[in-house]
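Chain lettering (A, B, C and D) follows the sequence in which the chains are written, and residue indices restart at 1 in each chain.
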């Protein structure tokens, strides 16, 4: 590990794929470096996976779709492991039940790191093959998604430990003074939505961002900053969690069944963070709220959540690589960034549905996105745990409306 | 009851509100006439309500929002009943837990019918007050929705009785010869969607159908008939319920957790109907399938489900009062109707979301639709259990994607 | 029904079996007389059965084991009903799922009463056949058990109705002045336990009461009266439900999981009874408490529960037909009876286990008791809902330790 | 660890308490030696605890009841740990939820071992204080119980890993040729049951084994060996798991709800063991069966389970330290031992209830046994995972009737 962390995880984009491969793979291991074997093994809920599993699954992706299918004579590192580290690809056969991933005390973290090294060494043999470039780029973007999931899953697991252990030390950054609420207005009309390009290096996008197509929008405005912890505390103090008139019916049932009365990690005046329990900073963006909470807050504030289309149109003038995003395994907290990207993924009121004429790719890779297009909400932007460079205006993140273990926050919108 | 059933439940629309009030209220009771006190009391699942509860709840709606709020000196029929018969209006205070509705052996069916007569007599005093017309019209449309729910809830309850009792005798109609699959093509472009008018008698629409607004559509085609039982049997025979590649992820999890392998009421070669067990008619439209099943079938067939917007645009040339819809308490089965309306509600791939600039009405009535705008799918059309005259092209029915105790079916769509 | 209720449900014991058959069968119907078809149809939980089901099941017992097996040429009243009305006799084939009994709106109460009349008429043809006497006596004792269950199941169902309807009017009896707590002492030694006789008319006992055998007891004393509501209120006021030191581990988990803090039907100062909500009478025996609560109370009081053997030995000097027991469908409340029988079934600390050399009978009837000999506690005595004449000192009632919808109470014991 | 494993875990009994303390504490760590930090952290079900937790909890017992209460000036190793490592002592305050024990990736295994060393060093200061001898002896017996639990919990956790990892290598011992089924007869009469002594070193017993008292037994016979895998396979082949007549009602419901059709760890022709997957040895005792299965088997075989009293009386002529019991962390499998002790704990048909005049000890230690006296069955003997020297004829082990992750087996009995 010592040699790999000497490389900087921050790279300029675009880059030759070999460099990019090394950098992305290295960051994953750097993020896992603070974890013990035990930390990397436990699973806190069915939604989350052990860090060790993330390390192995992203490697399984390259081993299966790149090495097994394209490197002549390649032999699997271990024939019993694909059963363990396939996530949800039905076309790849049966697999270990997701809620049982926390039972994998073996293989050990060291064995999984050896697996990574083995697969990396073989993939490097293929990095100059242009016909594999798109597939490898998909693997790298897939790995970046798991980098973020690994951090949020680790955070959730550590939060259940009464000792509230820290994943990494707190990096003190000057607190951004919070701006008064201002709005970015947008004219109504016909706008182009979605990614034009398909899957080529340098212009990567997931299949769910295509086909590009036009939509009609009414005039609207988007808040220039995220909702803050201070504002959320006002919502609570005003009885926001006790007033059914503010809530979607499913959300009201959910907060009552689960006894929800604050963001996920709030503990009185403090909040559990990746640096352990820390005082809640009033001016920082609120995070770890569900879609239901975001929607109720917006109703309380007299506004609403944006649609994914409004957000994407407004994002045209913002830098996707700006704001608080992930560069290394420290200081992973929302900061209060000036643009639309960074700090928190932002709930939209758009359901996660296929774009017109969308067709999933053939084969196992086609299971990547399309089959999840029911029951979920689109989130836009990027969070402090999103690897910088991974997101873009057309990016469509998605989670069910009650989930809140991701760094999820709220940006308000209103009709003009 | 004898005198009320002398009135014909079939009326021409529009009609003076007094006549309309009498006709709608009468049909509800006519639909309940085949039920014993016990039939009307039982509740088969949390989603369903006893018939007696439907009879009382629709009456509570008039008593609360019309009589209590607008008839001076009105005294409640029974002060303890609003707690029992409020459905979900949080603004109206606490209420009986929904899954416990089946415990209400008292009040008896006769007492509930007396409640109806009492409230009817008082509402009739207000039928000439123009400022109440919209509210009363809302109550009547609300009651029509419960007429359909009462039938589907009764069907579900009777289906759990091993004796498979019939609600009403089978009305033999000549079997419609099924047409070969043909398509109605539609050009792409900008279309007007939604209801222009608001809530006035003669032009009633629910708040969720507004505001009217424009959308962009790509060229598409809609099937001229619904998917049939014969086609569904082919889907089953081809392993449709065992092939994960056809299913949304949530749907695949659902059929496996619940052991789903056929439409809800299929029992081998027969199906449970409101006339007891009857042979499955191959040429009739399949019904009682979930959104997940509808979507998997469409994928299997090489097509897709329509969006709610496509369906609404295509419906412009169809008669909303045509096809197999509800006229009386017999013969409630899908028949194979020629237009877009009737037989079955049709799943769309559209999530049930607010239209641009939608705002719920103020007060308890504002809870009617808006708070359900998450986690549900839009259905269009009308079913054999929808009171004729109740539906229209802009109508937005909605249910969660796994529900199938309504008369729900499938109309295919495809890109052009 | 009118003619049958003219007969007195109170009979002297012993009596010729024909009279006894008529009287027992009649009392069941008299107990059901206050119920509507809907009252008799609903099922409030999986443990309980609808009244209609009790009426039919007790009849099925005679139809199956007496008529079908012993009356030549007998044809079943309805061939589809045994599937509905078999309770748990695996040897009699598949049967309707217990939690679905509340879905049987058909057959109606009238049809079930016709079934009873039909079966009664045929059984009467066999009442002079000595070889069937034991079987019929078993059927009558079985029916008496269901009389009590029917009352407690009806009570539970009505208790879930927010209107708190009454099953029968309150019969005011002079309140028994409660005696100060006195004790009946018993010497230690070797005692005979269990029923000597087997299954002959006049000396009926269930198989679980045999074989008779000796046990050794230490000296002990049994309270001369049951614990009262006043004493229970003191237990509550002293934090009885909040002090883990008083509770068995399973009991503590149960009260916390279920939020238990008082006897089942207590509602503040009142309690739900078969006569609706009534003030709690401080001097009456507490009832509707679980074994866990009974055990915790005894610990709090510095005493303990008796064993079933201690209770049986002490009961030798008491009249099994004395105290508040069931004579007719009114006034079913604990009263404070002087002897060991009546008012409430009394929890013992004995697990329900087979006596030495116990063997279940062959055939379906052998499923009567033996297969329930795990996970249950023995209760002794008789309650205000036990048909007078049904119980005896050797009687072993049994229920799981958390159940409390029966009339269950507490008699303390102590070591000497 | 290196130095401690040099000591032999096998000691002669009795021994001075200082030696005994060292030996028992050492064996626990020797048993944990094959485990990685991750192995020692995971929790496979609410019934089981992580190995790390066992290591810490047994230490917490000494720290709390010995050091905190009796060593002046002692400071807790870590003030936050008692919350984590209290098991169920309500008197010791709130504690970490049992099902969340698997979330404790911190403290690490090394930190827990340091905790053990710290506490050991302080307890050693008190080993010459006679007034503490009984308490320390209780702590050592408590730790021995956790040694067995740690092994069975580790086995269960590893069994859920699809790689079927081994805890320790298989120690091949010559297979004992199985004896034909023979019976040890016992006359009926009055016998002394239970432990006379109380809690003194050299004569230790748990409180639940007292007071000693007399019971009456009928003549009976006990099988001279345990039921074997071969006999169990015959039971399966004969439809044992599909014939309701063999089962207690709760047992039949349990096997159907859980899909049980074989002992817990059987996988076709192999079984999961602490040495990974191994062929099932037909002549070895069957193990990992529940009380329900044991009872059904006995019924199928035409015999029954013994009572705990019969077993104890028959054990008078057997060596409690004989047979396959735990000496070290290898070869932990039932072997087929000649006496009544060893191989498997043996289900009795006795419910786990207090002996006459039983009173729990005062204070937290009084929670040790008494509060579990409901809903459980008594097991007698000792298993291959019971530390040799820990058991005796009066020992009462207890588990709920459906549990089978312990080494539980079947010894038949019959009436004479």
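The working rule: contacts are C-beta pairs under 8 Å (C-beta built on N, C-alpha and C of every residue); 3 or more make two chains touch, one makes a residue touch a chain.
Keep in mind it's a predicted model, so treat the numbers as computed, not measured.
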Any chain in contact with subunit A as well as subunit C: B, D
Subunit B and subunit C, separation of their C-alpha mean positions in angstrom: 46
CA centroid of subunit B to CA centroid of subunit D, Å: 59
Inter-centroid spacing, subunit B versus subunit A (mean Cα positions, whole Å): 39
In subunit D, residues with contacts to at least two other chains: none
Chain contact graph, described as a line, ring, star, complete graph or other shape: ring
Which chain pairs touch, all of them: A-B, A-D, B-C, C-D
Residues of subunit B that touch subunit C when the two form their complex: 36-42, 44, 80, 83-84, 96, 100, 102-109, 157-158, 160-163, 165
Parts of subunit D lying in touch with subunit C, wherever the complex brings them together: 88, 90-91, 190, 213-216, 218, 244-245, 247-252, 291-292, 295, 349-351, 353-354, 356-357, 371-375, 401, 415
